[in-house]
Each structure stands twice: as C-alpha cells, then as structure tokens.
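What follows is a set of structures for review.
Same chain, two partners: chain A is paired with chain B first, then with chain C.
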Partner chain A sequence: MSLSRTHPAWVPYFFIAPFLLIFSVFMVYPLVSSISMSAFQSYGPQFSTFVGLDNFKNVFLDPDFWTAVKNTLIYSCASVMIQLPLSLGLALLLNRPDVKAKGFFRLIFFSPALVGLVFVAILFGLLLGARDGLVNEVLRQVIPGFPAEFFWLQRYVMPALIIASLWIYVGFNMVYFLAALQSINRDQIEAAMIDGANAVQRFVHVILPAIKPVAGFVVLLSIIGSLQLFELPFILLGGAGPENRGLTLVMYLYQNGFEQNDLGYASAIGWILAIFLMGIAIVHRRLTREEL
Partner chain B sequence: MNFRLVFLIMLPHSLSPGSFTILTLAVISSFLIFLRHDPEEEGIEFWMFAKNHYVMYEEEFEKARDPQVNGDLIAYGAMERRLLSGVLSDTPVPDLVEVQLTMASRFFSGPIDAVGFTDLRPLLEAEGLDKRINPASFSPWTREGRIFGLPHDMHPVMLGYRADIVEAAGIDVNDIETWEDFVRILTPLMRDFDGDGTMDRYLLDLWETDYFGIEMLLLQAGGWYFDITGAPAMNSDINIKVLATMVHWTTGPSRIGVNVPRFDAEGNRMRLEGGVIFQFMPDWYAGVMQQDVPGLAGKMKMMPLPAWEPGGRRTSCTGGTMLSIPKRAAHPEAAWEFAKKLYLGTEVAEKLYKEAMIVSPVIDNWDEDFYDEPIAYYSGQPVGRFYLDLANDIPQRVPSAFMVMAQQAMINAFIRTRREAQQAGVHEVEDILSLARAELDTAQTLIENKMRRNTFLNPMEDQP
Partner chain C sequence: MMSMKFIERSSQVMAYVLLTVCACITLVPFIWLGFAALRNPEVYFDFQFIPRVRHVQMMEAPENPELRKVWAQVLPSEGMEISAATELVGADVVNQARNEHLIEYRNGKVAWDMMSLQYFKRLLAGNEFPFARSFLNSVFYASVTAVFATLFCAMGGYALAKFEFKCRTLFTRIVLMALVIPGSLLLAPGYQLLFKLGLLDSYWGLILPGLAPAFGVFLFRQSMLNAVPTELMESARIDGCGEIRLFFEMILPMVRPMLGAFLLITFLGCWNNFIGPQIVLQTPSKFPLAVAIAQLKGIYSTEYGLLMAGTILSIAPVMALFLLLQKEFISGLTSGAVKG
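Up next is the complex of A and B:
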C-alpha cells in the first residue's frame, strides 16, 4: 500500500511544518540577517549605523583578531596532529583480538567526553593551580627544588588547553575509529598476512585505506570543532588569559558581540569564520571526493 | 480540507503511532503554552545579584506597602543578560535594579540616549541629595554629565595586615608614610622558611594578573585607564611610573609581591599560614575576610595605604554598585521613593556595615555610632571609622564602555614588562620605566583603535 493512497499529499508538509517554521525563524532568518548586520555598527537591535565594509576592514586591522587566529590555528593543528593519531592508536589497541574487557576500556576512554567542557575546565584549573595544584604537588615530591609556586596557566596556556582537550576527545574520536576498524573484513587482513605483509604494511595498505572515509570525517569534525573552541579557555582562564594567549576566534566574537554589544562587528567575525570553515570543508571534500 | 484534518485528528487509527504521538504532544504543549499566564505582580519589581544585599533588604521589602516591593535575587550573569535584553530589546525590565561596575560598562557602549537607565541628576539636584552623598561615589555612574544610579557604596581601601607578625617584630606601622617607607621598614619580615632560595612569606598581595591590586595602586597615584574626557590614558606618566614600580615589586631581588587569589582556598590558606602579611583591603573585602578566613580573628589590623609621595593620598577604591531605575520602569516615581528610603536611610546603612563592613556613601550617616564599635576580628579597631576618615580622599573614576578591554591591556602590559625586565636583568624602577612606557604605548594604541571603531561613542574624534 503506497503512502499516497493512505494520506493526502499535504500530510508530510503538515508534519515537517513545525521544523521548517522553527528552522526558518531561528536559523535561516538570523543567518540572512547577520549578512546585513555585518554592514552596520550596532548597539542592540534598535541602534545601528551603516558602516559598509568597515567592520571587515577593522577585524583584519585588529591585532587581537590575528592573535585569535594564531591561537585557534595552533590549537586546531594540535587537535588533528596529536589527538587523532592517539585516538587511532587506542582504537587499534582495543581492536586487537587478544584484548580482554574491550567494553570496559572503551567506556573508560570514552567517559571524559561524558562530563562536558565546563567540568573539564574546572578540573584542570584545580590540577594546574599555581601553589596547591595537584600537578605542582606531585612535581615537588618528584623533583627536588621545584618552586613553591609555578604558574602553569600563565606560562603554558596553549599546552594546558591542548592537554585538556586531549583528555576529552581522544576517547571520543577513538569510538569512531573503532567502529571503522570493526567494519573491516578480517579476510582482507588475513589475506595480507598470508601474502607476507608485516604489521606496518597491513596498516598502511589494508587498514588505512579501509578506514579512510571515517578518518576523513573525523578530521573534518575535529577541525571544525577546534576552530569553534570557546568554553574551555573561557572557564579555565576566566577569559582570554594572560597576553590573550587563550583568545580564540569564537571568544573574540563573544567579546565584541556580547560584551561590547556590537552585533554588527560580531556578525562580520562570524562570517569570516564561516567562510574559513566552508573553505576547509571544500578542500576536505576535494581531497576525499572518492571516498565520499 | 478542514473536515479531513479534523477527521485525521479524531481518528488516531488513520495515523501511525509515532505520528499520532508527535501530533498529540504538539497539540497539548501548544495548548498549555497558550493557557500559561504569568500572574503580573503588583508593586515595584526590584532585581539584585548579591545575596547579602537581598538578605539585608528583606525586612524593608516586607515593610513596604502601597506599593509593595517584590525583590528578585538573580544570578549575576543571568541578570546582566536579562537587563541588557530589557534595555536593548524591550523585554520586561524591573523598576529598580542594582548594577555592578563591570556590568554597568556594558550599558555605556552605545549612544548616550540609548543608556537604558533614568538620568537621576535632576532628581538628585532638586532634592539636594547630590550634596548628601560622597561626590567620588557618583563618578563611576556618570556619563556626559548624566547620573545613571544612586551609589550603594564608596569602597575605600586600606591595608589589612597580620598584626601578630608585624608587632612581634617590634614594627610600628605609624612609622610608615610612603610606599618607600613600607618597603624599607617591612622587607626584613619576608622569610624563606625552608631555605630553598624561594621566599615563603611576602609583604604584599600584588600580582600581574590581579587587576584589583593594579587598579587600586593606579587610582591612588592619580592614574587611570581614561582621562576626564573619557579618552584613553593608558600611557600617562603616572601609569608608567606605577607600572614600573609594580614590576619592581614583583620581580628579581626587589620582589615583595605574591599572588594570593581572593575567594580561593589556595589564597586563603596562604593568608592563614602567613604567606602574605599585607593585603589591599577595600571595605567589602574586610567583611569577606571575616567569613572566609575566620582563623585570623584577632590577628589582623588595618592601616591606611602608604602614600606615593609624602603627604599624598592614603586610600584608593575598587568595585562598586549603583541602584538604577530603568527608563522603561513601570513605576518610576514609587521606585525613586523606595530607592531613597533604602539607600539613604540609617537602618540599611547599619546592616550594610555590620553584615558586610561596607560603609555608606551618605554623608549624614557617617556620624553614626556603629561605625565606632571595635571589631574583634581586626584586633578591636573601629574599622568603619578608619574607612570613613579616608572617604574624602577617595579618587574619582571615569566610567567607560572600554573598561574591561583597558583592564586586560594593562594586565598584558604588566606581564610583558615584567618578563622583559627579567630577561634584561633590570630591577630598579628607573631602569624599568622605558620598558613600561613602550608597553603602555602599545596598550594606548590598541585601546585608541578599538574606541575609534565605535561610531556611537567616540571621544577620539575630538583628539588631535
């Protein structure tokens, strides 16, 4: 029995109407509106002055923007280059047939992702306290003469952010890789073994090509997620941190849009970020076209 | 068509269970939303973010009749967003609202007519109230001559110190008039208890990331982020001198400052264990100390800040709160009457002092006896009277929408200057001055550029 014979033609539209309405009001309208807003200096929705492309010009002239770009790119590169190999490594280990209690380890590695960035930021704030932080307490026990006060969150802002994010996301991404690894046909691997391929050759020539689509997807998600970094430094450092070393692009947007109330300028920053993300997505799609 | 729709709803058998559930939930929730009616409370709506304020005012709320007063305690961040939305987008606003200094700067970044609070100057002048309140307390709430709030406080600053340590060393703090005296007389009190080459006891709670200490010292010296016109003054000669001195105090062999965070277990442990002897103590923090570090009861005393020059200012100020009437308040006249009763009266002033150690900015209240009562925590000193004796010297602050940015720029200049001084191995103020000047020139340019961008609020246009 076909759908058209049981329901009138308008029924599907009736059911998707609430979604379309909400999507239009809260996504499409703000998106379109933000384009026009980026040409205005604003103070809330009631006061605005047309400034043309000045907002974009001022963004590119502001040294804080370039600090935010630099910090965000460093964090994103670290996310991809450190986090993903670690995730893949953990997944490979857990995928070994001789590993017992796989479910338990999977839960252990994944569990940091359950607690949320705000909790992680607070936790790392306590760990990295200048005097009584757990890290300093341990180092004082291990290294004779380690100073009574050591300001991790002033001296090593970016490493602290990267380590905190590793703790959350390594296990999270591991789940994707593990799913991909488990979908590989064992026959292929065994055939490679019979042909004399060693572990590295099996990884490079069999496993990696098989998980390439998932790996590409995880890379894209990681890049997009890390370019949107905000809560972690905001809570851990209470803002942009010393010398703006924790200032990210989204925090720069927040400062201008919600602390200075200039939604026009914030819209310009948002569009620059959106265009950048779209560029990355296009490049990624071109590079992985065959798999996708 | 309508008949078929009704037919569909009335006959759930014609829909799948999932579709029917979705539709039913949609209909019920829509119905409930339309039915929901928030009862409009009569009387004055009063928002505040500080719980201790709410507790102090509760009795006044209960006493108030015709109109009654409904006090709402709202978390700081939530109140800021709700108030901004109210002012900028016409969502509901209260009749009265307490606004903290940093929060207030968010409301000053648009055109002067867009500031969402009533200008109280005509009312204050007509009733002679401007003469009854400490003039410096109006300064953070005044923009282009308009006064947007009734000051809740003055927040004069003294130095709180560990009297047990200082007096055991036979030091009389009355011998200390200037910061130079302070360093010379008190440096011998610093200690390296475990002999590891790092001090375990420092003189002063001052650090490069603590804008409280930085601002108190800048204001005391006569500096600030902005000049009287509101234009940035990051690289003024006074600021350069203060920054160089702060770097001198926090680096190398001349270091006397240490990071002692407020509202923090680590910081409070340092206070308790004598890791720091002297602390900047605005009146509100004198109250917080009693609650957060009760173990220091009877061991603490207060003294005025040492002056930058002989005969100079012995106090400073920090923070602050105003009571405002939003322009769109439903009952502005009644709100104004209640505001006066609450802020100008002696009863709340007494509670404010006894429960939070905050001294009133209302000059008429300064003669009250309760300010002379000895405070056991501070070794029996009449701390309230000490603060009031300094009230007339409290420096004025120029408000700005760019205050938070300027704070961050000053902190960054401090961090960089300190690092450069360490790398160059220079520790004397005279040698640090050129480094401080270069960093504050950079900070000045940064703030100027950010201000120039704001077409609503552009004191830079008048600058050469």
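Up next is the complex of A and C:
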C-alpha cells in the first residue's frame, strides 16, 4: 500500500473538498451546536432560555424516559438473543455443501430487509389485526381455544414489534453470517471430520472461531440498530401506543423535540443516547481486541 | 456404510424442508399483501388470500319458523351462490339466517370478479390523494442523493486512500470517529441549522445533509487501498493524463462493484427514510412515499385495500432494483465486515 507522491499539491484537497464542506456544515457544526443546545430549553428553533444542566436532570427524572429505556432494552435484547441465533442457523443450513439453490434462498430471506420500516409497519399493522389479521387467523387454526380477538397492538406491543423485526432482520443478518461461513477454508472442516469431530464439535472448535470477527460485527450492528428503533412502533401504533408500551428512546426524543418543540431537551436526550452507544462500541472493541 | 449415507441423505432432506418452511414464512406476508390489495372491499374481510365464490347451504339448526320458511322456498338442496341468495331474499335476511345458524357458507371456485385493480387505479388517478406525485418525489430525492453521495464519497475515499498530504491522518480519524455518531443525535441541531439556513420544507434541506455520509468515505477508502495500484496512477500522469480524467476514466471503473453497491444502499436508505422528510418537509405535495403512506394510514385507516396497494407500489421499485443488482449489493454490504 503505497501513496502517490507525484501529484500536484492541490489534487487531494480538490477531491476531498465536496465531502469535507458538506460534512463540516451538516455533521460537525450540528454536533458541536447540540452541546450548547442541550443547555437550553427551547420552543421551536427561535426561542430558548438557558437552563444549564436541567435538561439532563429532567430527562433522568421523567418516568417516560425510563419506560423508553426499558422498552428499548427489551427490544434490543430480543434482537440479539432471538434474531441472531436464527440468522446463524439459517446461514449454517444454507452453507451445507449439499444444498443447492443457495442464491435463490438467500434472495428470498434477504428480501424483507428491502422493505422500508414504514411499509413494514403498515403491513404488520394489518397482519397482526385482532380479528381479521392473518397471524391470529393462523393461531386460531393451530391452537385450540385461541381467543377470537387477540390484541397484539394494544396489550402485546413488544412481542408484536419483535415478530415484525424477525421478519425484517433474520435474513439480513444471515447474509453476513453466510458470507463469513463461505470464507472458511473447507479443508479445515474436512480435517476436523477426519479427526472424528462430530457436528457440534466442528461448530464449536472450527466454525465459531472462524466467524467470530463477523459475528462480533453483526452483534454490534444489531445492538446499535435496535437501540435506535423508531419508525416501526411509531407507525404501527400511531405513536407510543397504549400506556407507552411502544415508547422507545428515539421516539421519546422525537416527541419532545418535534411534538413539544423543545429542541434543547431533544439534544440532551440525543447526547444521552449517543454516549450510551459510544460506550457500547468501546466495550465491544475492548472485548473483540482481547480475543484476537 | 449404508446407514452413513442414509443419515447424510436424510439430513440433507431435513435442511431443504427447514429452508423451504422458512422461505414460505418469509414470503407469506408479501403474498398476503398482494391479495389484500386485489380483493374487492365487499369481500375483503371474508378471506385472507384468494376470494372464493360462496355458497349458501341450509343447516339443521334452531327453529325460526318464519325464516326457515323463507329459505325452504328459495334454497335448492345443493345450495346456491350467496349473491343469488342475497338478490332473492335481501342481505338482512341472509345475515340473520347466518347469525341464527340456519345457513352456512361454503367456499367454491375462485371468484375472479371479486378481484380488481381498483385500488391501484384510485391511487394513480390521484384525485383523492397525490400518490403519483409522492412517487416522483421519492424517485427524485433518492436518485439525486444516491448519485451525489456516491460521487463525493468516492472522491473523498480516493483522496484519503491514495494521496500523501498534510491533513490525511487527521481527516481519516475524523471520518472514523463520525462512524459512531448516531443519526438521532443530529435531529434537533440539524433541524435548527436548516431553519437558520432557510432550508426547511425544501428538497435542499433534505438532500444536502445526506450527501456526506462518513460511512461511504470509509467504504471507498477501504476498497481503493487495495484495488487501485499507485504505480498505475503515476504512469498515467507521465503519459500526460490529467488528474480529473484519471479519476473518472481509470479509478472509478476499478471500484465499479463498490460504486454499484453504494449507489443502491444510499438509494434504498433515502427511499425508506421516514424521519428525515417527516421533520424537514411540511407541504404535503413535497412528501416522498414513506411520509405519504404514513399519512394515508392516518386518513384511510379503514380502507385496508388502498393502504396495501400503496404499500405494494412503494416497495416494488426497490425490489426490482435489487433483483437487477443483487450480487453487487450483497458483496458491497458484506465487504466491510468480512474483509475488514
């Protein structure tokens, strides 16, 4: 990897200029200004009063914030604990050398990830309908005595969100696992087979170590993505849902910043979320580094 | 040896069965969506998928002499189509008899005349709802952002990957740090900035902030580090090739798969973006599909078929694009994870 040195001096600056200009104006500037904004209570973009650290204090004193934290964490845990094992399982099935039509299956499994969350929310709003949704219709057929009306979107908001998220992301994450599995040298696995390792032993001692970096990346991606859940419950429930059962952190930010118009308070929430996410990224980095 | 083969064979069959079941579960919502958009409103709630011709048949049931007499007169023993029965005795009597378990419904042949494109026509005619306008808005917003974001990121990545210059390390560090900033942190200050610049409720306000994703510069930097040989750049310069021509005619073609993948990823991200346009835009005629469909849900919450038709029209274009560029898309998506 060598660098060009025979170019006129202006060239690298010319190529990076458009990016740098827009990046500074629309990323760096808002980032810096959000620090000062978080010290103000505001009404819309024009009116604000200095409140110091009160925004942060009020966030932590607001029970709605803790509801949002709880919901977001539940969803996030479910994403990692339910979604990722399913993704890995599918990838393992698809990676079998005796399974043909890999591209076909991969295409099908991946396709829900292309559907925007707004559209997924609308689709699942009807699929999970209490009386006439397909999900309840199937459950009534399969489980005897299943209630005639089962209110996913009122009482079982979190399970509903998790079901929808499984449909979207299992195939998406599978693509990463599959790519990792395909990059494993087959000889290694065959050598383990000759040594008499059974399927479980092969998985634990050969496959798992080989896909660890990708698995770590997918876990991080899932955690960070799921902690920023917003559109799905917002459209599915038309807001936070009954008793704030679908309130998430980003929705809490949206409600305060753009429904109550307190941009300062929203900036404070944004920073709390950002610091939390950065903390996770740092912990993740430490963990994956030590293992290497 | 036989049994070994048998185990192998049956585990292969199991794998296919499991994969097929999962594939069906994945596809069923799409199929359900398709039929929901095609079923006519009269029969929408009667069926989950394909509407069928319904027959009315007499049952042994609790006595209601009046009602029973009516049915005995009109209903032949093999039953009749529900539409004919309704015509003869009226919808109220049919419903009453059904509620009193005097008659039951049986599904017959596929009722083709109960499916139509009426919802699609209503949406595209645009008398009630500016759907076609929103569609064009989405196409415009997503393609302009995708093209320019890809260009700027490729240029930026090229500068960081291939040139020795003063601020190279600093800029690279900044890009890496920006990768961990969550988008939601920028919502409030970004809104305030757009207000100050007078860009609220305009496409500039929607497009400009999306043109410099740190993630894109990072991806292009990574792929150019390996794919572009520096010697080639230097010999092209000796041959008198200008720097800009060099970039467009030699460098870009070398990272073609990455270009395709990033174009598609950005396009998809904009097409499906909800929170951005929801915050920036106020005039309904400027709304892209994601926001327009969310509104449609609010207004026509009971017209499920209309909502489903709108959803189909909104996801079809990205599905088609993906089918065309599938390989590039998936390799682009996983390149950062698997190689890096």
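One rule holds in what follows: the second predicted complex is superposed on the first by the 271 of 292 C-alpha atoms of A that agree within 3 Å, B and C clash if a C-alpha of one lies under 4 Å from a C-alpha of the other, contacts with A are read in each partner's own complex, and residues count from 1 in each chain.
Operating definition for what follows: contacts are C-beta pairs under 8 Å (C-beta built on N, C-alpha and C of every residue); 3 or more make two chains touch, one makes a residue touch a chain.
Please read all numbers here as calculations on a predicted model, not as lab measurements.
With both structures placed on the common chain, the touch criterion links A:Thr288 to neither chain B nor chain C.
Shared-chain residue A:Ser183: touches chain C; no touch with chain B. Of the two partner chains placed by the overlay, neither chain B nor chain C lies in contact with A:Thr67. By the touch criterion defined above, A:Leu134 reaches chain C but does not reach chain B. Judged by the touch definition given at the top, the superposed model places A:Pro8 against both chain B and chain C. Touch criterion met: A:Pro18 reaches chain B and chain C at once. Which of chain B and chain C touches more residues of chain A is settled by the count: it is C. With both structures placed on the common chain, the touch criterion links A:Leu273 to chain C but leaves chain B unconnected.
By the document's definition of touching, both partners, chain B and chain C, reach A:Pro45. Chain A uses residues 6-8, 11, 15, 18, 45-46, 132 to touch chain B in one structure and chain C in the other. For chain B in complex with chain A, the residues that touch the partner chain are 4, 8, 14, 19, 22-23, 26, 84, 87-89, 106, 109-111, 114, 196, 198, 200, 208-209, 258-259, 265-266, 269-270, 401, 404, 408, 411-412, 415-416, 446, 449-450, 453-456. Residue ranges on chain A touching chain B, taken from their complex, read 6-8, 11, 15, 18, 41, 43-47, 49, 51, 54, 58, 61-64, 129-132, 145, 147-149, 151, 154, 239-240, 242-244, 259-262, 265. Interface residues of chain C, counted against chain A in their complex, comprise 8, 12, 15-16, 18-19, 22-23, 26-30, 32-33, 36, 45, 48, 151-153, 155-156, 158-160, 162-165, 168, 171, 174, 178, 180-193, 195-196, 208-209, 211-212, 214, 217, 225-226, 230-231, 233-234, 237, 243, 247, 268, 271-275, 279, 290-291, 293-294, 297-298, 304, 307-308, 311, 314-315, 318-319, 322-323, 326, 330, 333-334, 337-338. Listed in rising order, the residues of chain A touching chain C in the complex are 1-9, 11-16, 18-20, 22-23, 25-31, 33-34, 37, 45-46, 90, 93-94, 96, 98-99, 105-112, 114-119, 122-127, 132, 134, 137, 167, 171, 175-176, 179-180, 183, 213-214, 217-218, 224, 228, 230-231, 235, 238, 249-250, 253-254, 257-258, 263-264, 266-267, 270-271, 273-274, 277-278, 281.
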